[in-house]
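Here the chain labels run A, B, C, D, E and F in written order, and each chain numbers its own residues starting at 1.
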Amino acid sequence: MRHDQRENNELRSITMTPGYIKHPEGSVLIEFGDTKVICNASIEDRVPPFMRGKGKGWITAEYAMLPRATEQRNIRESSKGKVSGRTMEIQRLVGRALRSVVDLNQIGERTVWVDCDVLQADGGTRTASITGAFVAVVLAFDKLLQKGTLKKMPVTDFMAAISVGISSDGTALLDLDYKEDSEAAVDMNIVMTGAGEFIEIQGTGEEATFTGNQLQTMLGLAGQGMRELNSIQKSHLGNLAARIGETKQTKEDSP
Amino acid sequence: MRHDQRENNELRSITMTPGYIKHPEGSVLIEFGDTKVICNASIEDRVPPFMRGKGKGWITAEYAMLPRATEQRNIRESSKGKVSGRTMEIQRLVGRALRSVVDLNQIGERTVWVDCDVLQADGGTRTASITGAFVAVVLAFDKLLQKGTLKKMPVTDFMAAISVGISSDGTALLDLDYKEDSEAAVDMNIVMTGAGEFIEIQGTGEEATFTGNQLQTMLGLAGQGMRELNSIQKSHLGNLAARIGETKQTKEDSP
Amino acid sequence: MRHDQRENNELRSITMTPGYIKHPEGSVLIEFGDTKVICNASIEDRVPPFMRGKGKGWITAEYAMLPRATEQRNIRESSKGKVSGRTMEIQRLVGRALRSVVDLNQIGERTVWVDCDVLQADGGTRTASITGAFVAVVLAFDKLLQKGTLKKMPVTDFMAAISVGISSDGTALLDLDYKEDSEAAVDMNIVMTGAGEFIEIQGTGEEATFTGNQLQTMLGLAGQGMRELNSIQKSHLGNLAARIGETKQTKEDSP
Amino acid sequence: MRHDQRENNELRSITMTPGYIKHPEGSVLIEFGDTKVICNASIEDRVPPFMRGKGKGWITAEYAMLPRATEQRNIRESSKGKVSGRTMEIQRLVGRALRSVVDLNQIGERTVWVDCDVLQADGGTRTASITGAFVAVVLAFDKLLQKGTLKKMPVTDFMAAISVGISSDGTALLDLDYKEDSEAAVDMNIVMTGAGEFIEIQGTGEEATFTGNQLQTMLGLAGQGMRELNSIQKSHLGNLAARIGETKQTKEDSP
Amino acid sequence: MRHDQRENNELRSITMTPGYIKHPEGSVLIEFGDTKVICNASIEDRVPPFMRGKGKGWITAEYAMLPRATEQRNIRESSKGKVSGRTMEIQRLVGRALRSVVDLNQIGERTVWVDCDVLQADGGTRTASITGAFVAVVLAFDKLLQKGTLKKMPVTDFMAAISVGISSDGTALLDLDYKEDSEAAVDMNIVMTGAGEFIEIQGTGEEATFTGNQLQTMLGLAGQGMRELNSIQKSHLGNLAARIGETKQTKEDSP
Amino acid sequence: MRHDQRENNELRSITMTPGYIKHPEGSVLIEFGDTKVICNASIEDRVPPFMRGKGKGWITAEYAMLPRATEQRNIRESSKGKVSGRTMEIQRLVGRALRSVVDLNQIGERTVWVDCDVLQADGGTRTASITGAFVAVVLAFDKLLQKGTLKKMPVTDFMAAISVGISSDGTALLDLDYKEDSEAAVDMNIVMTGAGEFIEIQGTGEEATFTGNQLQTMLGLAGQGMRELNSIQKSHLGNLAARIGETKQTKEDSP
């Protein structure tokens, strides 16, 4: 049994607080156990230079941790004057994941800025960020629907992310916390749609490797966790949940 | 009457949630009305280079706002690669205020890092930061007392900060919210001790000036607000409140 | 008596050399005792982005010290690649002070760049900068008056700055030099108009505090020093002095 | 058939030129079709601060493209003053991949710096970098073996990387060139050991998703490509090839 | 005799590989002995801001070394976040040299970006860069001639660069390699036209000085080397060589 | 005749004010006509990392212009966050020139920091900087002689710098002011010793070239100007002038 009494295929307690911050068009405080992330979605009425004049929109994400979100205090990236490689990887991942379930042609020349700020970290901050950001983005689009700026919800399907891994004794685990993650041989983050297709798979076994069988086991665990996350998202979106998918994704040349 | 039905000499609703984040030695979520700031105090067992070998400690503060703490989204300072002048002014102010009520000789060669992160801004973020940071620092020192690292609470007196101002129609106001602040002719931030002495006065009348009489009125309002803030701080510190002042400040050459 | 034989309420020797540098529209070398600052005002025929299209102007200030303006050589901020918090505070203060006595509506979409470069520092560099910058700005506007670009002097009143403080033995002092400043318990910088109103008050007692009575004493000293500074400014402005105040400030929304 | 007449499961022409640059301890020019990358491995006799005193070594990688490696000229990252997110992701990936097949305990407190510089880009620069870097690192360790600094080759297994993808018409492809990659619906990079285990899987379907079946097909193609790449690596390592694996990886706490 | 058996007035083996990289409009790999530099010329259809609206073009150069181009690995300038003084000097020199033999009025509002990337360094990287860049630029202009964008070759004369120096025993040497350069008392780089006039002379004797006679001897050696370099350039330009000089330079105000 | 009535071989009025700033070990205000530069030399009791443990010293220079030293205001390099290529070239040149006449072995592990700050620019700022810096450095060493830290003046010879050029009508000119410099076809800066040997020659003919004869004429003018500059330096050094040369330079490996 795991150190916090969970089953190997059991998620931590997942909570979401929509509307947590008052200014953003969409805002959610998401908690995966002790991991707490504020996900804010802001709508800007213009797109970055590389997207101008195409009549379509863009979604971009930024990610940061408060200096004392972690056991040891981290130096603030604004003080260092640059963003770390880890931060860049995560914010690129969050942005890609969101763009894969939004029809950018529907939203006009607008940018959705998604800010994921980790208040407290205990493993899984990137999967919590993606899962919460999805809800924040739906809430932000709802504002545009209510104002009549958009006619249809531009989100094509549900989407969430979860971590899976192989512990040092070879056990496959779902939703690793910090202690499990730091001891794991293999760490994998998976982003999937509500329909069960893959958006992103990132698995790494630094100083370890993993077999094809282990990969299949982890993919199975992830699929199961994903269905639970989608269900929690649905419960917080109420009537809005029914509007997910009213637009179908059209494959576009990405910039 | 003010737009939110307050009297001119009335504070907004002030709340504090000690222990809000689990990792820091001291942590408080402070709210001045809709302004919400997390104040975390971290103890590091060394001092910055300019303080080494003096046998005494240091307190330094950092301040930041989440990008969507404000009505309009702000660009993240880590993305810009530099910290704004406004941020620097505030974090220097918070650090000075805290150092003025801590006997740095008592804490040995340690640094207290204070992080004030604004989740939601509605005016008065710097005064909320100082007022909350005081409590976070006391909680952090309590950890060192409990471990026996310190023998006496090194905090010499209570300390808090409040804003006062003159509205465009000439009325003196206590604890301005964002709407009031953006319309005010004069804006002043005052930091005081529990004993009612001044630590810092910063008043500015951009595109306006103020008379000596107006100054006296604002100082009076500030003193009144300060007593209420000290009393709220006391109520959250419980038994610890009695230990404030067991050390008397000894004037030292500052670095 | 003070270490340089001054009375407590006595300014250092103050000199101004208008026209010190030939290129700027307005230029003054100002000396407060051994503190020497070049204040240059440059007129640019456009405003920064946040002011465009409003039909009014802007004044901004930059401040720097030569590396060996001080007893110990300082690293050049261009080498460090960033501007210190202290520099930012001072340049923001100088800009605000100047804007408070200029009717920005009168000057059209122009920016006045004020550069305060400290050649030699001996305390009071920010007050010397503000006091000299006032004269440089008046001289620069005179160029625009002579060319017929402006019809009226847009400066609404005289303005100067002075430091006051409380020494470690409790004496209130006017215009502290470096030695006095580094030993003082309280340090306060005050910016006032020719009419005797306050523009800015910044008082700080790091590792010390000050009482209401001490504050009143310092404000009194400052008012006295201010009158002398205004008189020296007048003597260097000749006929131009009479044009100060021909425009009255209209309160505007600041950006 | 593919635009360059390759079968779907066919690699481009792969060439390696060991000893291409004379100064580095290990150097290889690797070509995947028109993609040309110089991989240089340098040995430094110390480790970064976070590894000091542990008696083990470290491997780190840097990646860059010449400005005109691409169809359109890119701005040099040294001119921009910062490294892009894409570059950071790639260099972190290359470093992790190499560390997974080297027993860092064997190499003492040394750092292996691996520089992958893309002279000409036509898709697959990261997989070419990893595959070439492996050979450069083995050559560098051979220098240490020859000098007697090391007793055993610290490389535990062969390692290479290849890209697979799903074209817009749903076909699974091996080793995509730039044209194929820019039109693909799904893009996946896979790093594997000589023994056929996974080190890293990174698959992404921006504005598209992929099914479990498509994933299996891609994994199959990758395994096939990998065996060919290992065989080419072997042919260039000569006698050194036999020494790969004489050390077995011991699982260590990663930093 | 020199350590590599050359005569004092003898160049190292000089080779050029035109078309080395496929994407740029002009590309040359140039080798001066073991010094290898890729010179790429890219045409951009606009000019930098300070040249806009003048109806003429601009040529700018960038220079970099691969980290392990040298005996000891150098930190990448993109990692340091800034370009060294040495790099800036060299790229400014390369740009000036090229502009001196191109009639910028002929090329319209276009920028020629010249990238000199040193793969392997053994002394003389700046002279190899200039000499190779000349050929790359002629090849790039040939593309514009072939497309009919230009009617005449805008290059007014041949141009090349060579180093000369005085060894520690007082001998004047042509084309110093790294070993000779690091031991030399005087180091001089000379850029000349095909007609034998000077474009640039940069001689320096750090911790040494040189007499007028030594200067004359070095100038003589340089003139001789230059004729050989022009002849090698000619041999690689084929028919294009005859078009050099069909435009005569018209003296223009430089920006 | 020249626009300011000078003969072609005539220097502008040259003045020096030793001791201009009180804090530095050596300080000179130098004026070449309207060009005004403060040259401050500071002694630091340690050397940069690359010189440690060699028992010898180092001299390094920094150069900057006040923003309004020029006709048009320049953006401050500290605001841009980086130093321009032009600034780097000049400060490297000043440092090399000074090191060539100082026996670094004599001064122990000390660094001489030379700061050249241009208050007003009218051409020739780099030659004025070098010529003034020489005097500032001699004054700084005199402080060490007076304290007994040094026994002998470590300066081996006089040293100064001057500009020469060819005007657009082909006339060779000495000591060009800004107007002449901006119209010149060729611009050359020459640094020489008191003994008449060359330390540095930098000649450039952007969009122009120059013949060997023109070079000889310019070298002749430079030699003449140099003798006058040395004589002015001597007159300001008084008794110290006699101590120049009491140490002879010993050729050392430069770092």
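Keep in mind that, in the parts below, a residue touches a chain if its C-beta (ideal position, glycine included) is under 8 Å from a C-beta of that chain, and two chains touch if they have at least 3 such contacts.
No experiment lies behind these values; they were computed from the predicted model shown.
Student: State the smallest step count from chain A to chain E, taking one step as a move to a touching chain.
Tutor: 2
Student: For chain B versus chain C, what separation do you get between their C-alpha means, in angstrom?
Tutor: 28
Student: Using CA atom averages as chain centres, what separation in Å is found between chain C and chain E?
Tutor: For chain C versus chain E, the centre distance works out to 51 Å.
Student: Between chain C and chain F, what's the gap in Å when you average each chain's C-alpha atoms?
Tutor: Each chain's C-alpha centroid was found; their separation is 34 Å.
Student: Among all residues of chain C, which ones touch two or more of the remaining chains?
Tutor: 81-82
Student: Just say which it is for the chain contacts: an open line, a closed ring, a star, complete, or other.
Tutor: If you draw each chain as a dot and join those that touch, you get a single closed ring.
Student: Follow the ring of contacts from chain A, passing to chain B on the first step, and record the chains in turn.
Tutor: A, B, C, F, E, D
Student: Sort out for me which residues of chain A touch chain B in the complex.
Tutor: The contact residues of chain A facing chain B are 21-24, 27, 34, 38, 40, 42, 44, 62, 64, 66-71, 73, 76-83, 87, 113, 115, 117, 119-120.
Student: If you look only at chain F, which of its residues touch chain E in the complex?
Tutor: 82, 85-86, 88-89, 91-92, 96, 99-100, 104, 168, 185, 188, 193, 195, 197-212, 215, 219, 249, 251-252, 254
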